[in-house]
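Some structures to go through are shown next.
Each of the next two complexes has chain A plus one other chain: chain B in the first, chain C in the second.
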Partner chain A sequence: MPGIAVILRLTALGLLTAFLLTPQSFAPVFAPFTQYGAPPIYDQGNLLSLALSHLGTVCLAAAASTLVAVSLGILVTRGSGAEFLPLSRSLVNLGQTFPPVAILALAVPLVGFGEKPTLIALFAYGLLPIFENTLIGLQTCPPALLEAASGMGMSARQRLMSVELPLAMPLILEGVRLSLVINVGTATIGSTVAAKGLGEVIIAGLLSNNTAFILQGGLVTGLMAILLYDAMSAIERRMFKAARID
Partner chain B sequence: MPGNFKIDRLGALLTAMGAAAIALLPFVLFKTNRIMPGDPQSLWNVLAPAAAWACLAAVAIAAIIALTLADARVRLAAAVLGIVAVALAVAAAGDALTPAGNKIVRVAPGSGFWLLLIALALLATDAITRLRPGPALRVGLLALFAAVAGMTLAHGTFDNLSVMREYAVSASRFAHEVRQHILLAFGSLAAAVLVALPVGILCHRIPRLRSGILGVLNMVQTVPAIALFGILMAPLGALAAAVPLAAALGIRGIGTAPAVIALFLYSLLPIVANTVAGLKRVSPAAVEAARGMGMTRWQILMSIELALALPVIITGIRIVLVQNIGLVTIAALIGAGGLGTFVFQGIGQTAIDLVLLGAIPTVALAFSAAVVLDSAVEVMDRKPQ
Partner chain C sequence: MIRIENITKRYGDSAVVDGVSMNIERNSITVIVGTSGSGKSTLLRMINRLVEPSQGRVLIDEKDTASEPAHLLRRRIGYAIQGHGLFPHRSIAQNIATVPRLLEWPEARIDARVTELLEIFQLDPGVFAHKFPHQLSGGQQQRVGVARALAAEPAVLLMDEPFGALDPVIRAKAQDDLLDIQRRFGTTIVLVTHDIDEAFRLGDQVAVMSHGKVLQCDRPAALLTQPADPLVTLMTGSADRALRLLSLTSAGEAAIPGATAGISVAASASLRDVLSDLVWRGADAANVLDTEGRPRGHLTVAAILSHGRSR
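On to the complex of A and B.
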């Protein structure tokens, strides 16, 4: 079974790379989806550079949200930040009811059109899953282990770094994976405010009634999300296998 | 409480936020027309000194209580007092800056107002969280808030503020788009429940189906919403062209049909996955006991398994409903209507007030749906114990 899964993923990766490097060779595949001799392959920009800037925006936003969410998660679970814990829990729940389009649209008047509102929306939207998982991870550390660590003479800082965070790491990484996958899809909406990304291809298709463009944009984004999800899962598995052998 | 004079850290943070908002940021923006950048105005410039001082005093009382008192009820009262004062002040600012009968100028709440409101809302949220209200009280609070907000809006308190000006311009369209938004979100949810429940039960019974079906549904979730909307346009358009009956039923390449189908597809995964998880939670002993009592398989499914799995299934429905209310916004791009129409028109015209006219009700809808369904889950979860 794992053999087939690996082959499927490698095929997906191969197809994605081939399409982004030489999109024109796929023209016959997409030709049936066009009408009145419209171009079957997106021709208003370089697909590879669009995909890369899409991925870049998503990763930059995810890195920023990971940094902020994990720091906040650590802060509110320390004794000195405990006063913020109930509020931050409620905010995690409230925040999830905020549609990404709303954040995006509200960011535009503050920072103008382009990449920035997309980054802000992705950053804000990516915070929640990571923060939530960091909280759960840090709060479900077995108390016996924490006491043992203190008993061994570890300082609060040492305990955090070498006991709590490693124990919470699987959940934190799961949060990062979740927000990465959500953001790959959400970033396409950024193109409605002129951010450079794969949404451009989809919107061009919507505007010119060209299904081939929509399919290309959607498929590339979907494949990117799936591959990113798998890559993160593989990294997690490798990390924890290594940790267990130690 | 004696000896309780420790400064509250959250209160300190919120007070700093509020103070910065009042001292450094504009309370309202005065625009000569709807797309002009605003001219920043402070509270003192626009209100009579007595009114400005009254508003400031209310906010100061809220700040002092937030800094010194720990009783959540008092803190909630202080936050509500502050919110009412700030809301009345911004309404008064709108009235003061708008020349009588002038329909062109716009008075928009400024960043200072928003930041102050956020600080007070955070204080209220914190107090409510600490009070741990039960499900009935939470729904009651929501209803109370909705009633007060509805009455002030109907009374016209905020009519001279920019968002309400945008509303006045498109009031009839607004009602239509709200209806459409709710119809799209709930309609696709209802269809998804009808299909996803049996599929979930099937997945539970036949483990071999489970990974396959969940895998496919997972993949659907990775397709970005605007792409899925777009991809569905072509086959539906072709169907409408080829089958006159389909066209007569209102199926078209753009508009409601592709939106409902896309939302339906996105809705399947959370409900199927939660049905499976909920059924897994049912203890074999309960099923065994029911069988011993002579219940038929159908009776066991309906009154034991599904009944026990219901809270988890409703949690899935909550996820879907909140997600749908957000996604319907994007459906505006393919002509399906809904509140997203205002958001995207606003983006196109760089008219922030129009964006708010679409965004605020969307967030309110999603938030209310989450509160009501969360409360329902809590009530159901409590019952069996």
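On to the complex of A and C.
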């Protein structure tokens, strides 16, 4: 039932906001997970600012992935760029199969600690779903529509902008959504190279053997991923409801 | 108006269209008919250069179509295809406005044209302008497809099996509408079909194609009475060719002076329909009346039959 689903999501959003704004009010909930009087709520930084920079890193990486993956997808579906398809596929697949941790390790000597190596790792990791979906979206555009567009006098560029991309948009956005959600979780590893994010909370919990910290870091990350997924789905539905592109 | 000069399209070694020449008169409907694989669609698509000819050229108003960029040429030529090809993400009004927008017409002129076309095609602008293609029936979608092709007032309209996806009742209506539209705008139409009945019904001139060559390009009656090739006879069908011939002449054209004490038929009815009417009612003569009900002469069964004879 959609009613229950909406209530659940609003509850999750409310809980997340409440926890990030006033974490101490949740102390009794997390107290049972601590030992020897350790603090039940993460106290080495502001949770809200950690969550926001976590989200910021993920969104920035996703924006870069989207730009590159969609451009590549467009390039290899043009007549002139078709020969780059196998190469592009290999590169993008490599980005997904190469472990983000390994990318971090390789990137740190080149760009130093902090935000940058994390952005590189997330960028590479997020390319695949967007690229593949862009490709399917552009390749499955009905030939009759392409012919109608050309037959009416659209230039190749006009056809791409006003027919092909709008028709592929639902699939492209689905790719972006997948990429975002995967990377909300993956971004926690950025804290190993001193990027500001929710990984800090988890790592602090591991170092001090504080289960409450680990739970907080994990739950906030998980809730953010779920809510982001839902928000994107809602936006997609709203955008394509009238035209019913499918 | 359109002159096709010795045009050929080769893919590898095989010629899909092989040395075709054809003249298309202004304000006429030319139908290219042939089996699938005869090269008829390729021939049509070489007129707006969706397919570039390997050899030969096409002139529109004595101007070589190869002398300007293909997409600019196509904006001046209407194009309607089977299954309409409407953009699913655009409203009906936006679909119809496609070419005027490409031509950068002022917004007010586009709106006026869209409204005018919707009215001509019997689609209430208030109801349909903001609907999306999937909300329309097949017949309505097809009408929007033709309206879109006519939006920028092209002098030439190319149609590739435009009625192929319609059921017989709606198709007959769509064909009548097309004839009305053609008379109204004086558009020069080139239409491709595999349906010989459609060709006879619509064409001022019919070109029969097979294996990339035009076997005969002539008035429909000439295809029946003076077939240039056995294949033309085969395609037009020999069993009912007399009736087909009768269907090409209207009662008004065939009426002989004088009146008779019989039934009345409309001058616009074909001789085939008049004959059928006479047989059905057991009469042997009919008065021919024009649209205002004025007598235009009469027809007898014998007079009708004389029109169905090979000459």
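Descriptive notes on the structure:
Basically, the second predicted complex is superposed on the first by the 235 of 246 C-alpha atoms of A that agree within 3 Å, B and C clash if a C-alpha of one lies under 4 Å from a C-alpha of the other, contacts with A are read in each partner's own complex, and residues count from 1 in each chain.
We adopt the following convention: contacts are C-beta pairs under 8 Å (C-beta built on N, C-alpha and C of every residue); 3 or more make two chains touch, one makes a residue touch a chain.
In this text, all values refer to a predicted model and were calculated from it rather than measured experimentally.
With both complexes brought onto chain A, simultaneous placement of chain B and chain C is permitted, the two fitting side by side without a clash. When the two structures are aligned on the shared chain, A:144 is found in touch with chain C, with no touch to chain B. In the superposition on chain A, contact of A:124 is made with neither chain B nor chain C. In the overlay built on the shared chain, the residue A:61 is in contact with neither chain B nor chain C. In the superposition on chain A, A:152 makes contact with chain C only, while chain B stays out of contact range. For the combined model, the angle formed at the CA centre of chain A by lines to the CA centres of chain B and chain C equals 100 degrees after rounding to the nearest 10. Using the contact criterion defined above for the overlaid structures, shared-chain residue A:163 touches chain C, although it does not reach chain B.
Measuring only between alpha carbons, the smallest separation of chain B from chain C in this overlay is 16 Å. The contact sets of chain A with chain B and with chain C never meet.
If you check the complex, the residues on chain B that touch chain A are 8-10, 122, 125-126, 128-130, 219, 222-228, 230-231, 233-234, 322, 325-327, 329-330, 333-334, 340, 343-344, 346-347, 350, 352, 355-356, 358-359, 362-363, 366-367, 369-370, 374. Note for the complex: chain A touches chain C at residues 144-145, 147-155, 158, 163, 166-167, 240, 242-245. Per the touch definition, chain C reaches chain A in the complex via residues 48, 50, 71-76, 79, 81-90, 98-99, 102, 132, 134, 148-149, 158. Here chain A touches chain B in the complex through residues 33, 80-81, 83-84, 86-87, 89-91, 93-94, 96-102, 105-106, 108-109, 181, 184-186, 188-189, 192-193, 198-199, 202-203, 205-206, 211, 214-215, 217-219, 221-222, 225-226, 229, going by the rule given at the top.
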